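Labels A, B, C and D are assigned to the chains in the order they are written; within every chain, residues are numbered from 1.
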Amino acid sequence: MPVSTVFETKIERVSILDEHGNFDSQLGEGLIPNDDAVAMYKHILVCRRFDEIAFKLQRSGRMGTYPENRGQEVPSLGAAYVLQKKDWMVTCYRENAGLFWRGLPMEKILLHWMGDERGNHIDECNVTPIAIAIGSQMLHATGLAWAGKYRKDGSIACTFFGDGATSEGDFHEAANFAANLDIPVVFVCQNNGWAISTPSKIECSAPTIAQRGLAYGMDCVQVDGNDLFAMVKVMKDATANARENNRPTFIEATTYRLGDHTTADDARRYRDTDELAMWEKRDPTIRLRNYLEQKDLWSSAKEEEQLAFAADLVSAVVANAEEIDAPTTNDIFDSMYIGLSSELQKQRQTLRTSSIGQDPSQIAQTAKEGVVK
Amino acid sequence: MANLTLVQSITLALIQEMEKDERIILLGEDIGLNGGVFRATEGLFQRFGGERVVDAPLAESGIMGTAIGLAMAGLRPIPEIQFEGFMGPAFDQLTNQAARFNSRTRGGLTCPLTLRVPVGGGIHAPELHSDSPEAIYTHTPGLKIVMPSSPYDAKGLLISAIRDPNPVIFFEPKRIYRAFREEVPEDEYTIPIGEARTVCEGEELTMVSWGASVVQCANAIQESGKNIELIDLRTINPIDMDTIASSVQKTGRCVIVHEAPKTCGLGAEIATGIMEHCFLNLEAPVQRVCGFDTIMPYYKLELDYLPDVERIGKAINETLAY
Amino acid sequence: MPVSTVFETKIERVSILDEHGNFDSQLGEGLIPNDDAVAMYKHILVCRRFDEIAFKLQRSGRMGTYPENRGQEVPSLGAAYVLQKKDWMVTCYRENAGLFWRGLPMEKILLHWMGDERGNHIDECNVTPIAIAIGSQMLHATGLAWAGKYRKDGSIACTFFGDGATSEGDFHEAANFAANLDIPVVFVCQNNGWAISTPSKIECSAPTIAQRGLAYGMDCVQVDGNDLFAMVKVMKDATANARENNRPTFIEATTYRLGDHTTADDARRYRDTDELAMWEKRDPTIRLRNYLEQKDLWSSAKEEEQLAFAADLVSAVVANAEEIDAPTTNDIFDSMYIGLSSELQKQRQTLRTSSIGQDPSQIAQTAKEGVVK
Amino acid sequence: MANLTLVQSITLALIQEMEKDERIILLGEDIGLNGGVFRATEGLFQRFGGERVVDAPLAESGIMGTAIGLAMAGLRPIPEIQFEGFMGPAFDQLTNQAARFNSRTRGGLTCPLTLRVPVGGGIHAPELHSDSPEAIYTHTPGLKIVMPSSPYDAKGLLISAIRDPNPVIFFEPKRIYRAFREEVPEDEYTIPIGEARTVCEGEELTMVSWGASVVQCANAIQESGKNIELIDLRTINPIDMDTIASSVQKTGRCVIVHEAPKTCGLGAEIATGIMEHCFLNLEAPVQRVCGFDTIMPYYKLELDYLPDVERIGKAINETLAY
């Protein structure tokens, strides 16, 4: 046989609750108990409020650059809902919804964007801090999951990244290590169509980003990333695959950022308003609210109540973040190493790097006082 | 003549060189329609088209490595890395490939490219947006490194960098991208790579700095009221030791100011160079006012980290009193 | 539709002249004119001799580390046969057969492994020097091909690398740039089963390495890398795809290194002798010789004649390489930059880096002679 | 006690620590069945199994980045990079991630890992197998760096590095992996990170070096017949300036010897440190005998590049005569 087929595959897209309100009961029934669906909807409203206020804090000069999460709440929330406490969640910067669900105090995220490392000191749950260097965090997830496998403690890791991040070599290495060494990681790509101003076709011109995973012989799937049910479904499959078989899965969650890239960006420079309008209709909150209302689980009254609750909650969070004592210059030094070198102790004490300050005994002496070599 | 900011002056230099030389092609993240996150390439996509102003995938090693290929093929690529903190993924291609091609092929293949990178702190940016890695690349033979501190120098140095047949890193001190304006000639001019600029002359002490810190130094000198000679390095590799040494031979004292951490920073090289060239002239140890040997902190504390007028002033006084 | 198929594909393997002597005339007939087939067979014999002698040079201390090419001649040779003069060939270190076919003087390769950079100064043809840093060269190929596209001079690039190299992030970035920016490169992975002692399953656990290319939406194909006809066939398709459509192709050529990784390696530490024996039977020279003999294009007499010719040729090459004047210390400096800085001139002149040597006027003065500040 | 080479001493330290501490896991290219290309992990795969001695894919960033994850999870990974020339692809994970985690999380997440890397020239190896990048990582706050020059120190320093709660680079001078043997105690012992070793005492001049160059220095001192104090840095970051300064305060003269290029090398930092601490004691400028500001040449010329007894001898004489 001169030409034979050595590999054959297809990639599926999972959608359960679509933007037109269609709900696939075969896949979706019983997937998320009603109470949980309500709780998650309420959570998204809180996250929206947080996002809005964070944006305003930046605009009014009370915070630095901030990346709006609006529109992309579902992938990280659906994942966090499925993950267990012992698992690691290794995120980028558009996963507030999942992180808050997991128990990360909301003020930590504000502190981070207020330019304060203490926002990254997280004791509450197994999450890594916001990853600014695009592509850097996935390898950490692979390592964290590897440790769980080594220890046989049943923990896995789930990592999030954007479409742009899949262009980085580190993505490739993280996925390749996981696949070849049988490491239980779930890779969730939030394909929001853009990497700052760069359309995702420049990041990945293949028909799907999901097929990135084929390179590693990994299970891969595309999911409607604005569909909470579908997201939960693929996460359940992926985490089972990780926990039972030590196998990674690659999930492409298609979604959209409804805001600018960050507060330093102006998306109107590069993005069609039509495109934005189309995606506004696919907003995950709309379909989820309709679903809940149809099931009589939600109402306008409840909506108002929750919006008020969210406003209060977020105000309190902002107050917490703003009331924290300013960091001190010592903080620059104190966690540089576990155990400071004598040189760093000197720099910390004197806040000096300059030569003469190095040896105080010499400051007194001056050449003019007649130094002889 | 136009009254331009530093970043405008860079845009002007790019436009003028691109109009003259079809071999120039720009590649980087968000440099196209968006004009770059600092708008340094504003309007270039519209003017020169998508073939010459290329939005690259989000992959710094890819940007650097393909630029090497473009350069070896005889083009004059100008890759951009969005922030110096993201040079990490490009490190291998930059130091082990771009810097070495001419040497490892004994001149057979060359890498005439100019890597543009915004550098330094002080703009209230997130993590990894405020570093000063110039010493690392100065310790890498095969690269030239340039960092202007004024709009005028920016244009002249960028044109020199683009025309240089070697790989050049053109560091852009982002803190002063728009801090002040200066008259910048419309006509082309070059500033030779390797020549420092004496910003002001003085007899009592020599101060050496580069990039955004030059502004801090000038302020500190003014406040001190002393008679100080300020040297703006402009080129970081090769270092213009002649200019520095002549000055220190005259003044006998020197303070070096930079943003990068102290240990193994460029300050050490310059101080040692001064010891080598001016040992018998030195009246006081050379002082380094620079970043601490710590990670550049997030922005709440960044001004504690960066050398400022007060710290520079102290060093002036102590060095003069020595 | 809750679950829909969004991508479907298969990967084919091309084989024309297999190790049992089967020749697929439908694909193979007229693919390589007889004269060319003979010439390439003769060329491989020369390369084999070169390899043998290079190995001995190392063993007798006349050369440094050397990576044997034996067994892997076909992929690079088949590619070089198809490529045009204006194209770039961007290789690693097991592509002697292709490089020599292309016109690279054989002594250049010896010089390289003799620790002499002059072996990398290549004026004869568009090839880059041996790439020691695994994974580093593919991006250069993408850049070189990009330049051809930009200039519209019709040139493309073809790059070679091993199975191990596909684990490096730079491979991913090179392929991704090529696919997304429509750059005419051909990626040829020589999958020889091993990366030093690491089996290719640790480098890529997917069923094929060819499917790496799916991640980029690239055409990809697997080919019997010990089959000259199949290699020429897939290269013809790939170069046409590049030249006509500016599209990259990923070719996995399955082959085997019959020797150790390099002269510094001992493959018996990690490799089954059975495996080696199996691949010795698949040696590309055996099937090619049989093919030519069946067509009456070759004979034992010709074989002997060619072996003698090869021996003489390689002797002359070795003599050339060994007779070259030793490099001088100046060479270290002279091509560091185009234009030496004054500091480097000083270092070149004095061969000193030391401080006192820096300023000769100060050497004379000594503290003992009464220096006043 | 056993009479061991440096590389054997490393293997011994790894075995002993792995037996004690289940959290240790080794990862790197060809470190398993093959025992590493220098055989530093010989027999470990057989002894500890494939779960603890892991052949990694050929991807240095992957090795470094997954090691960070392993460390943050509470394990004690010991990644290996096969040659220092291949640290390039791992640079970003090493300097921007491993080095920063403790600081950026204000102690929330730590990176207790030991990165083993063979370093330096002199073994007739191909390109990128002979470099000395220690200054680059010394300029990177957050890392500790160690480089032994003897079998005895190798074991004690490696154990300290493994037990250190910070990320440590353990550079192994490959030129002296098997150059000589030394008695190495079977029992465990540690050598504190941050303490230099005075190899021999002397009054006329201080010589500072590290790694394989220490051997060259010792030979040069013997040949010179002078009364020279030789300091082996052992730890490169943090530099033990106290030991160096005390010595130079006594001798008034200093020669620093290293393989890396001169400009912005560690020699500059040490020379500047000496000027800072011993300005009034210095009788001659500190000299640097080191690599030229060029790429390390291929092996035909590598001995021209590396500091040797002759060049060191010249520097001794000139410094003493000054």
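What we mean here is this: a residue touches a chain if its C-beta (ideal position, glycine included) is under 8 Å from a C-beta of that chain, and two chains touch if they have at least 3 such contacts.
It should be emphasised that the depicted structure is a prediction, and the values quoted were computed from it without experimental measurement.
Following the contact convention of this document, B, C is the list of chains adjacent to both chain A and chain D. The minimum number of touch steps separating chain B from chain D is 1.
Relative to chain B, the chain whose mean Cα position lies farthest away is C.
Centres computed as Cα averages put chain C at a distance of 34 Å from chain D. Averaging C-alpha coordinates per chain places the centre of chain A 41 Å away from that of chain C.
Chain B and chain C have CA centres that are 38 Å apart. Residue positions of chain B touching 2 or more other chains: 56-57, 59, 61-62, 85, 88-89, 92-93, 96, 103-104, 127-128, 141-142, 239, 263, 271-272, 275-276, 279, 282-286, 288, 292-295, 298.
Along chain C, residues 117, 133, 167-170, 173, 176, 180-181, 202-203, 331, 336, 343-344, 355-356, 362, 365, 367, 373 each make contact with two or more other chains. In terms of which chains touch, the assembly is arranged so that all chains touch all other chains. Against chain C, the residues of chain D that register as touching in their complex are 29-30, 32-35, 37, 55-62, 85-86, 88-89, 124-129, 255, 262-263, 271, 283-295, 297-302, 304-305, 311, 314-315, 318-319, 321-322. Within the complex formed with chain A, the residues of chain D that make contact are 25, 51, 54, 56-57, 59, 61-62, 64-75, 77, 89, 92-93, 96-97, 102-110, 141-142, 144, 165-166, 194, 238-239, 241-242, 245, 252, 272-273, 275-277, 279-283.
On the chain A side of its complex with chain B, the touching residues are 64-65, 112-117, 132-135, 164-165, 167-170, 195-198, 202-203, 264-265, 269-270, 326-327, 329, 331-333, 336, 343-344, 347, 351-357, 362-363, 365-367. The part of chain A that touches chain D in the complex is made up of residues 88, 117-118, 120-123, 128-129, 133, 136, 138-148, 150-151, 157, 169-170, 173-174, 176-177, 180-181, 331, 334-339, 341-344, 355-356, 358-359, 362, 365, 371, 373. Across the interface of their complex, chain B is touched by residues 61, 85, 88-89, 91-93, 95-96, 99-100, 103-104, 127-128, 135-136, 138-139, 141-142, 237, 239, 260-261, 263-269, 271-272, 275-276, 279, 282, 284-286, 288, 292-295, 298 of chain D.
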